[in-house]
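These notes open a run of structures that come right after.
Shared between the two complexes below is chain A, which has chain B as its partner in the first and chain C in the second.
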Partner chain A sequence: MSIVNPSFIEEMSRFTEFNAYACINCGSCTALCPMGIDLLPRRMFRHVMLGLEDKVLENTENIFSCLLCKMCEENCPKDVPIVDNIKSIRWYINREIFKLGRN
Partner chain B sequence: MSDKRRIGVYVCHCGGNISDYVDVEKVRDAVKDDQDVVISKNVMFACSDATQQEMIEDIEKEKLDGLVVASCSPMLHLQTFKAVAQRANLNQYQYTQVNLREQCSWTHRDNMEKATEKGIKLVRAGIARTRLTEPLVNIRIETKPKTLVIGGGVSGLRAALALADLGLAVFIVEKEYEVGGWTKKWGKMFPNNKIGSETINTLREQIRQHEAITLFTGAELIKKEGSVGDFAVKIKLVNHEIISFDVGAIIVATGFDSYEPFDGEYGYGLNGVVTLPQFKEMVDKSNGSLNLNGSRVKNLAYIYCVGSRQPEDGDLENPNLYCSRYCCSAAVHTASCVADVDPGINQYHLYRDMRTYGKYEVMFEDAGNKKSLFVRFDGEALPEVKESDDSLIVKVNDMLDGGEEIEIGVDLVVLVTGMVPRKNENLTNILKIPIGLDGFYNEIHPKLRPVETVVAGIFIAGSSQGPKTLAESVISSLSAASKSAGLLMKGYVDLEPFIAEVNTDKCIWCGECEKSCPYGAIEKVFCDTKEVATVISALCKGGGVCIPDCPEDAIELKGYSDNQIKSMIDALMKEVV
Partner chain C sequence: MAVPIKHILGILVDNLSIRGSVLPLSKSRSTGWAKGLDIPMGGKTVIYTGHMYQLIPSITAMEKMTSKFANSWISKYYGIGRMVNKVINISRFMTWTNANERAKFDGMLRNIALLLKTAEVDFGYLYGEELYTGTLVYDEGINDVFEYHAHKVYERIKKHNVERVITVDPHTTDMLKSVYPKIIKDYQLEVKSYLEVLAESNLKPLKTLEQDIVIHDSCVYARYEGIIDQPRQLLENAGAKIIEPINSRKMTYCCGGPVESLFPIKARTVADSRVEQLTSAGDSSVTMCPICYINLKAAAENNGLSVKDISDYLVEAYCDRNNSV
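And then the complex of A and B:
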């Protein structure tokens, strides 16, 4: 059971805007990922949009395994800015887990 | 009956369709010496031009007064061979089609011997019937160039305008005091954001200016008699006055009702749980922000498929199995309108399948771009709505996140309700048009005759036939208008002469037939010295229910007389040697 938190995404967007609303959950991104990370980016973005903070934070390893190669973004049929979104999540994790970049 | 008849019999091979399983030569040999058969032939394709021509020559040369073709189903070629008879100056009702293909060869491929035996019996029965045929003439009815449109919603109004533009008179009967139906109540409507009430105002103004259209509001149809081309209708007006007039066709455009959730269905009845039409009204009236009970709505959830696609094996007595078609599109469009009013509102869409079909797909994308979030649930695990301190909690398993159970706290839950058939029992009984399993009015053929009903001259338009968007309703109403105009502008209709006939010598006027006739086609008249029954030919449908009810056996159905039926049974029972 997870509680949806609508304001989480606003917090996430304080670095750069997080936007994955155009995602149609086709899974191209996951299929194309050279790192074979099965969680990123589709489901991770879903966790952010639903505000499931715990799910985001417990995937810190996965999020930092991303090469930012843009294979997914280049092939996204809905032009979701995947790399920018991942940067947003990294910024958030840096702040929350590694206590970096706080003012 | 003892008169000598001259009958021609043609037994078709159908290029093997019949002759592979029925020995057609043997069938012909078995009947060639039957009483009154003067010519009998085997033909490869009875329907071919050459064979049709051969039949015409035979009829003329042999002076035939009866024709039997043993071939396929009458559904396929009855009209073909009726036309052959007519071209040879033989009355078309002295032709009998014997179904040797669908009802014999195709059904009994496993047993050629028995199939042949059955074929012989069927052809004999056809000959027996033909022997007792009389020349009959169609009943021609002059059509009244006027149409009655029942229902003054967008479908009814648009159909009325189309007919009036063709120069035909139209009467619109609307039971409410104002025209416009659902459309009048709504603001921005998809796909072009035109305001519903403005659409209706435009139509109403055009109708006001049209002399050919008479509009009755607060009125209802209370009686309908007659048949295609010439119906007599009675309308009860708003002041309880009853008026009567004749029309040639009737268009039923009575629309739909919105599904009313039962108490507790997804929390219906709780403060903040509303149906889509109720929500639509809130959005239409909102000005700068969306409010519920005076406080601003911040989070809201839509639950889709409420009242549609209900499980067949669930607890519901009469589940709506169909998809209501318009609701997905209407809900995502409404969500876009909400985002335009207040972009800060978080909107969660809990859906089973997103059916924003065709061009409406762009509205789904638009809603996503305006930050609506879509959560898919499984039909087996429906969302739950419960009340918490000062808000509502929606619980759902998100199929797009591996079935993760999530809880969303919201101020408002919108139940995306579908369309249900309008309860119009009185009207249905008056018009005697059939209702489908889903409760909507039934068309004759879903693909090829989508606006005609089994009652000739009565058409169905708009969402009275099934769930439709506004645009689809108008398409269907214009289709009904053109079918209606096609009927009326020809000026006449020919009806088959298979109607009841009273033998006045036998009739004792007991009134049983009058009681049994559902069409009111029997009336009492004086004949010589006594009262007898007579049949009003324009009203009789040839249903035949009066015949077994007559204690004196005084009624016959033309074309299907007792003697004909008995002789056919005798022929079918006769042993094949």
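And then the complex of A and C:
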């Protein structure tokens, strides 16, 4: 059972843009990931868009395991800004959960 | 036991906010490489190290420590460590480095300076005024700390009336060339990697590199910045035969380095895979990023693959080592 937070994506995009609407869930990204993280990025982006905050937070280690190497982004047929999206999720966790930042 | 991501990132953030760098690096350590090279202070064009080569020995030491504690009871105490680190710089003890390691990376920076001098590029250096660009904090998504630091770095560079910077590694190149302009209003700085500068120069080889070299492209140079042909051109002009591994150019494969601070064991697995690809292509490989260099070098330790920084090859081909800079 997951709890849906309808304003999750708005909160996520409050300071940085989160944009994964063009994703067609083709799986090129996960097939090419050197870390073999099958959850990132497409399923994780879906969790964000559906407001499944708890699913996102359960996977904090995977989110910080991304190499930001852009192998996925280079081969994304829909040009989703994958690395920027990952960094937006990190920024949300850093700010809201870890309380890291200037304030 | 879960990796204490929050506390490790917290220590890096505190260090950047309090001490100006994610890991301890004294001014004598960050500028020591330039000793005796007679590079003028400041100028319209400066070499900008961004401290990446100088920080590698500290990052390696930190990674060893994180790796040792990854699954131990000690990881529970990172939170206390972070609190103490705000007052006493304990990360200095966690990142104890040896002189040979430091000399190796300083040597790479000296190579780059010698290459630029040989290409008759007129450049200065900001010495102790130069700051780390904040790459690690940017990558980990600690945006407000990064943005504050980036403005400080830019103000410092402009205080010295610098108009052009020559960067020495892919991460600093990407920060100053592509990331800073997005967050700093009216950003005015021309940024080029030394590989671009050398490729555009009339540098002529003094010695032929009669060698097959397997090239490892940095993800950041290749996919972020499109710097792909320049290192090949410089090595081929010197007579080297470039061997392309399974993943190369825009399809290059990561060295694992970006996650070494948090997950050294995962980083090593990625580095092992890449070393396997490079080894199946040849015996001698070349890197162009200090992070790639240290990760692949460690993974290649027992398999016989030679890993060298591109500056080592280029200085051998293009420079008269008897001529000091």
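In the analysis below, the second predicted complex is superposed on the first by the 99 of 103 C-alpha atoms of A that agree within 3 Å, B and C clash if a C-alpha of one lies under 4 Å from a C-alpha of the other, contacts with A are read in each partner's own complex, and residues count from 1 in each chain.
Keep this in mind: a contact is a pair of C-beta atoms (placed from the backbone, for glycine too) under 8 Å apart; a residue touches a chain by one contact, two chains touch by 3 or more.
It should be emphasised that the depicted structure is a prediction, and the values quoted were computed from it without experimental measurement.
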For the three-chain model obtained by superposing on chain A, do chain B and chain C clash or fit?
fit
Chain A residues in contact: does chain B have more, or chain C?
C
First (chain B), second (chain C), both or neither: which does A:N25 touch?
first
Here's one for you: vertex at chain A, rays to chain B and chain C, all C-alpha centres; what's the angle to the nearest 10 degrees?
130
Should A:T60 be classified as contacting the first partner (chain B), the second (chain C), both, or neither?
second
Contacts for A:R43 in the overlay, against chain B (first) and chain C (second): which applies, first, second, both or neither?
first
Of the partners chain B and chain C, which touch A:F98 in the superposed model: first, second, both, neither?
second
Touching A:L52, do we find chain B (first), chain C (second), both, or neither?
first
Tell me, in angstrom, the smallest C-alpha to C-alpha distance between chain B and chain C in the overlaid model?
24
Common interface positions of chain A, toward chain B and toward chain C:
none
What residues on chain A touch chain C, complex-wise?
15-16, 34-35, 60-61, 64-71, 73-74, 86-91, 93-95, 97-98, 100-103
Quick one: which bits of chain B touch chain A in the complex? Just the residue numbers, please.
298-299, 346, 348, 365, 368-373, 375, 398, 400-402, 404-409
Chain A partner, complex, touching residues on chain C are 2-3, 5-6, 9-10, 13, 17, 139-145, 148, 219, 223-224, 250-251, 253-254, 256, 258-259, 262-263, 266, 270, 273
Touching residues of chain A toward chain B in the complex: what are they?
1-4, 6, 21-22, 24-25, 43, 46-47, 49-50, 52
